[in-house]
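Structures for review follow.
Shared between the two complexes below is subunit A, which pairs with subunit B and subunit C, respectively.
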Partner chain A sequence: MDTRVAPQVRPPDPSGAKVASPRRGGLRRSLVRALPVSPAVILLLLFLAGPIGYCAYIAFTDLQLTGQAQSSFVGFDNFRAAFEDEAFLNAVWLTLVFTVLSSLVGQNTLGLALAALMQRASKPVRTVVGGIVVTAWVLPEVVAGFLLYAFFRREGTLNAILDWLHLPSQNWLFTLPILAVSFANVWRGTAFSMLVYSAALNEIPKEITEAAEVDGAGGWRRMWHITLPMIRRSIGTNLMLNTLQTLSVFGLIWVMTRGGPSGKSQTLPLFMYEQAFQKSMIGYGTAVALLLLVVGSLFSVVYMRLLRTEV
Partner chain B sequence: MPVRPTAAPLLLVTLLTATTLTACGSGSGSDPDTVKVSFKQSTDNSIKVMDTYLGEMKKQFEKANPGKKIELVPIKAPDSEYYTKLQQMLRSPKTAPDLVYEDTFLINSDITSGYLKPLDTYLDKWADWDQFIDTAKTAAKAEDGKTYGVPDGTDTRGLWFDKGIFAKAGLPSDWQPKTWDEVLDAARTIKEKVPGVTPLNIYTGKPAGEAATMQGFEMLLYGTGDGSADPLYDTASKKWIAGSQAFKDSLGFVETVYKEKLGLDVSDALDPNIATRVRGELLPEGKLGINLDGSWLPQDWLEGAGHAWPEWSEKLGLAAMPTQNGQAPGKVSMSGGWTWSIPSKASNPDLAFKFIETMQTKANAQKWYIANSGIAVRKDVAADPAYVDAQPGIKFFTDLVASTHYRPAYPAYPKVSTAIQEAMEGVTTGDSSVDKAASGYDEELKTATDDQVITK
Partner chain C sequence: MAIPVARTTARPTVRTPLKSRRANRRLAADAGLLVLAAAFALPLVWVVLSSLDPHAGLKVQVPDGVTLDNFDAVLTPDITFTPLLNSLILCGGGTLLTVVCSTLAAYPLSRFRSRLNRPFLLTILFATSLPITAIMVPVYALFVQVNLIDTVQGTIFFFAASQLPFAIWLMKNFMDGVPKELEEAAWTDGASSLQSLVRIVLPLMGPGVAVVTVFSFVMMWGNFFVPFMLLLTPDQMPASVSINEFFGNRGTVVYGQLAAFSIIYSTPVILLYVLVARRLGGGFALGGAVKG
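Then we have the complex of A and B:
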């Protein structure tokens, strides 16, 4: 059997003369194959790479939305200004806090926990819990924002519950804005992690877990030594997607706090919006957007590393 | 075979290119018989003052000019987002409307950007232009001496107070404070004697936007000194003023209000929708003692305006905002207003101006001032008893025009205004002292104005 299959996979006769001709043919063939794709590539370049390139160019100018007849090239001035701007550094810090709290810790861990618990749950429980969590995810960002605004505001649900428990209530959006918006993001985004991890956990062969159980490994040990290493690839992918999505959250925070009070929940996307559209400084705002892109790719690189070590 | 896989993407590509090309080709929508009019629609769904008025003007115009059409393009947004949206539209001939509603606060920025068309050739031939008072004519005049907009009224600002709350606090119903301290004292009395109401509202912080700067801070700042010079901008050196005592004093007033809890709860004061809440809930429900606000409030309280409250004139009193220490001229007000302008990239400017003429016949202008509680900028309307008696308060606010100030609405102004709001927010929340907030403003001012700063 082996000898019969092999010739179909490999070139039948690997002699020099015959290698050249498949190559030429291959080149032509790949050109022909590329042809149908090329319009799509051109469109991508035009509508995706084009605007990004244009943005990169604008970031080096002092372009304004209004108040200026002509813009000029200013080199790295915008970037220099950003790093000297306390509000920018504040936004970078808050973005990191928001991302770590809501994406790394919140969505990721909670998603995994839910997925693990649901493995053992009965089918009706699984359907109901899954349904609720996914609903939060399907809701448009702005709607979710309003729901959570109503939950956290002074006359909101949370305070009503606290009052009922005779606990002190407060205006959460005012006293702990970054925590409130982080919680909102956890609430909204956990479903995605849960789905990713459910799929990953289903992939683990039952025999391995059973064997470990027979060997006397408890729940935590099994989780730590078997489950986590086996789903490491999924963890990496999930962290990367979560983080990138969280970094660009705008609507949720805008609806809940508008970045306030006093910039205490102003993450980079909100800071960028303020500079570009409220203060009309498109050039500066775009420079900040590019920096946000850099932050995102830094995170990605870390996760890619995480993925690679496994292979 | 390669034919099959190509078919789908190729079809897609053809479709995409076709749609993009057509979008490029006919996107301008420049129908020579249609005037596209962009205006700011209230974010409060129940308020349709402008929609109703423009709808009526549209009917009049289309009847008088057969074959011509008015297309209303409302932009439903809070002030700051309206400007942004408008500026993006004005950038390109494809999206530029034929007529825009411009706040005098930003008009110079848009003129400098080359977004607007000078109207002098039209104004020269327009007889009604002589009816506009001189200050109003300069509202949309740029540094190049050309006029870029026709004002549809102006506004003034003062103190609105609740007579019921005043009676309970033992304060007079014809209250007229002479100094800042008298305003604060009245608020303190209310706080002490009428629990459960907010004694004094003064807009503050970034969420309130220009309302914080103009109705709040500048009503204080322009009441310092002898009122002869602009406290924000030095016209002689063409530089912005930093480090002034007047600035700190004004911040000090704001700090006192929030530190002594004479104002709204800070978290309410920094709610982006606070202006709507003040006129929609707090005042009509008798929960606010004194409110430093604009002349336009009654437009929300007219019959059919959503928050109908016709008896407001019996419940509320009006007082002019006093100068800091009662120095001459004794009272202070700020004025702004909106103008109708024609974008430089408009496709039908001539027809657009014709629509301005329709809106600004004496009868139509008067109808508009009364509908939106505006202050007349036309002499013939201001003299008409039908206008003066149309609404309580109109005379009070029209009289304030004599002691009113206009903002230095140069291109840097919006950024300066944001810097003021940040300073106010700092003292409101208690995060910064007056000195720290003022020096923060001085720093911001340098960046905002490219170092065009003078210390006074």
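Then we have the complex of A and C:
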């Protein structure tokens, strides 16, 4: 950047007041100031906004990987086809199950439980438990997938434990694959909620809970009437972020089940991948991707409103 | 591992019933937590034990003899070194690009007032939480058209772009924490914005830059779908994709070696996380996004 511009960038201002509107400095100064943002903006436009725009375009075409030289505009055909496609509806249903089980119920509740227990536990226990849960979270997606694959396989740890307890064992990845991958996602994702809730619970003034305790309110009542209302903003943002993360899980399920057997754990990202690449229907796969993006955007907007950020 | 912890609830109280009730409660909380932690630990215990077990299977079992043969077997150029080097190039390149671009972008956003700041930051925040997985199919189609498919630089660019929104957001928040007064002196002495950014702001927000760097790197290191889609040549695959080889092409799965490789591949990110965990206070992704 040009050194000579500098005095204009910030004119000596003895009062210390903020420099007023950019209009006063003129266009040139605004451009110079905006210059450092440009590499980021170019990258974002080319590699993020571009693909999203392209996504919105090819979702309305019959683009295929092979055979066809030209693709043509087909309007809403891909979407119409999707809603008549049982495999798509199955994927929508499984995505719902996966999200509700693993994100809303699993990660969220377990994360809150862990955070609440940690408030009361002794320090060494807190450190050990926190370490284990966070390690599960930091592990690369594929490694987490393999560990849980081993855990749920017929000859894996879960069945060994069930046998030892004389409970019926079964081939989890075959009989209840969506349940298995949901548990895997809980295992991997709970640390995030735990950290959010630990931070939120730490901010509740001790006096309030202590006063309630002296007044004789039990643990559950304090949780329900005091703690939960006080951290409701954290609950909202945490639910949003969990849901958004869960919507885009691919590697974990891919490693554990590849979406199978016969589509029984095929959530939307895996369905999208199968249509686009294994069946070479890029247009159709992209239409599914666009739907996923739209759902994600809705969640994203709600999340921003919850955050009510002062940008 | 360092994670944010609550203040201890114990505080000298006059009323003994309350005190003993608290002690009981702590015992109960400890017990509950340890049970939960055991469940969380099982898969981790499996990977550690199996990596040392000459006859590793799929369930947690104490090995009858401890051996490093599994590590020995996977520490070859083909299985470990090339994929890890590929990972390092991809994630290193992507991280470098992310950190440089986000630092530059954060500076005017944090220092100057403009009518465009708010819309820009809101767009960035919005992009932060888009499901990137969804756009991988169009990205693939686009990359095929512009001949970026199966190139390392194309993958690096996409990695950087996908990480940028969050990086800019975090970086801007960290930069806001550096008082403006320190720069004003430099400005009156005639320093340019770039000079004051490099000489004054960046040194003061070193920890913030470290957090963004480590976070970006860890996210890319563990990412499977992006290189899985954008790279085709096996020689270019990072560890996140090459680990699949253990299942597919090598016939029977040698679980001990798979476990050993998983440990080698995971160790760098765990170490990096431990390094920055204290800085993060409220946890990784929360520093900027949740606290707002």
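Just so we're on the same page, the second predicted complex is superposed on the first by the 256 of 311 C-alpha atoms of A that agree within 3 Å, B and C clash if a C-alpha of one lies under 4 Å from a C-alpha of the other, contacts with A are read in each partner's own complex, and residues count from 1 in each chain.
Methods note: a contact is a pair of C-beta atoms (placed from the backbone, for glycine too) under 8 Å apart; a residue touches a chain by one contact, two chains touch by 3 or more.
Quick caveat: nothing in here was measured; it's all calculated off a predicted structure.
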item	value
Partner chain(s) touched by A:173 [first = subunit B, second = subunit C, both, neither]	first
Contacts of A:228 with subunit B and subunit C, given as first, second, both or neither	neither
Subunit B versus subunit C as contact partner of A:37, first or second or both or neither	both
Which superposed partner A:261 touches (first subunit B, second subunit C, both, neither)	first
Touched partner set for A:279, first subunit B, second subunit C, both or neither	first
Partner chain(s) touched by A:27 [first = subunit B, second = subunit C, both, neither]	neither
More subunit A residues in contact - subunit B or subunit C	C
Common ground on subunit A, meaning residues reached by subunit C in one complex and by subunit B in the other	33, 36-37, 39-40, 43, 277
Residue ranges of subunit A touching subunit C (in the complex, touch as defined)	1-3, 5-7, 9-10, 12, 18-19, 21-22, 30, 33-34, 36-37, 39-41, 43-44, 46-48, 50-52, 54-55, 58, 63, 110, 113-114, 117-123, 125-136, 138-143, 146-148, 150-151, 153, 155-157, 159-160, 187, 190-192, 195-196, 198-199, 201-202, 206, 213-214, 219, 234, 237-238, 240-241, 244, 247-251, 254-255, 269, 272-273, 276-277, 282, 285-286, 289-290, 292-293, 296-297, 299-301, 303-304, 307-311
Subunit B contact footprint on subunit A (complex, rising order)	32-33, 35-37, 39-40, 43, 64-69, 81, 154, 171, 173-174, 258, 260-262, 277-280
Of all residues in subunit B, those that touch subunit A in their complex	2, 5-6, 9-10, 12-13, 16-17, 80-81, 83-84, 87-88, 106, 108-110, 112-115, 205-207, 265-267, 270, 272, 411-412, 414-415, 418, 425-426, 429, 431, 447
Subunit A-touching residues of subunit C, taken from the complex the two chains share	1, 3-9, 18, 22, 25-26, 28-30, 32-34, 36-37, 40-44, 46-47, 50, 57-60, 97, 100-102, 104-105, 107-109, 112-118, 120-122, 125-142, 157-158, 160-162, 164-165, 168, 184, 187-188, 190-195, 218, 221-225, 228, 239-241, 243-244, 255, 258, 262, 265-266, 269-270, 273, 277, 281-286, 289-290, 292
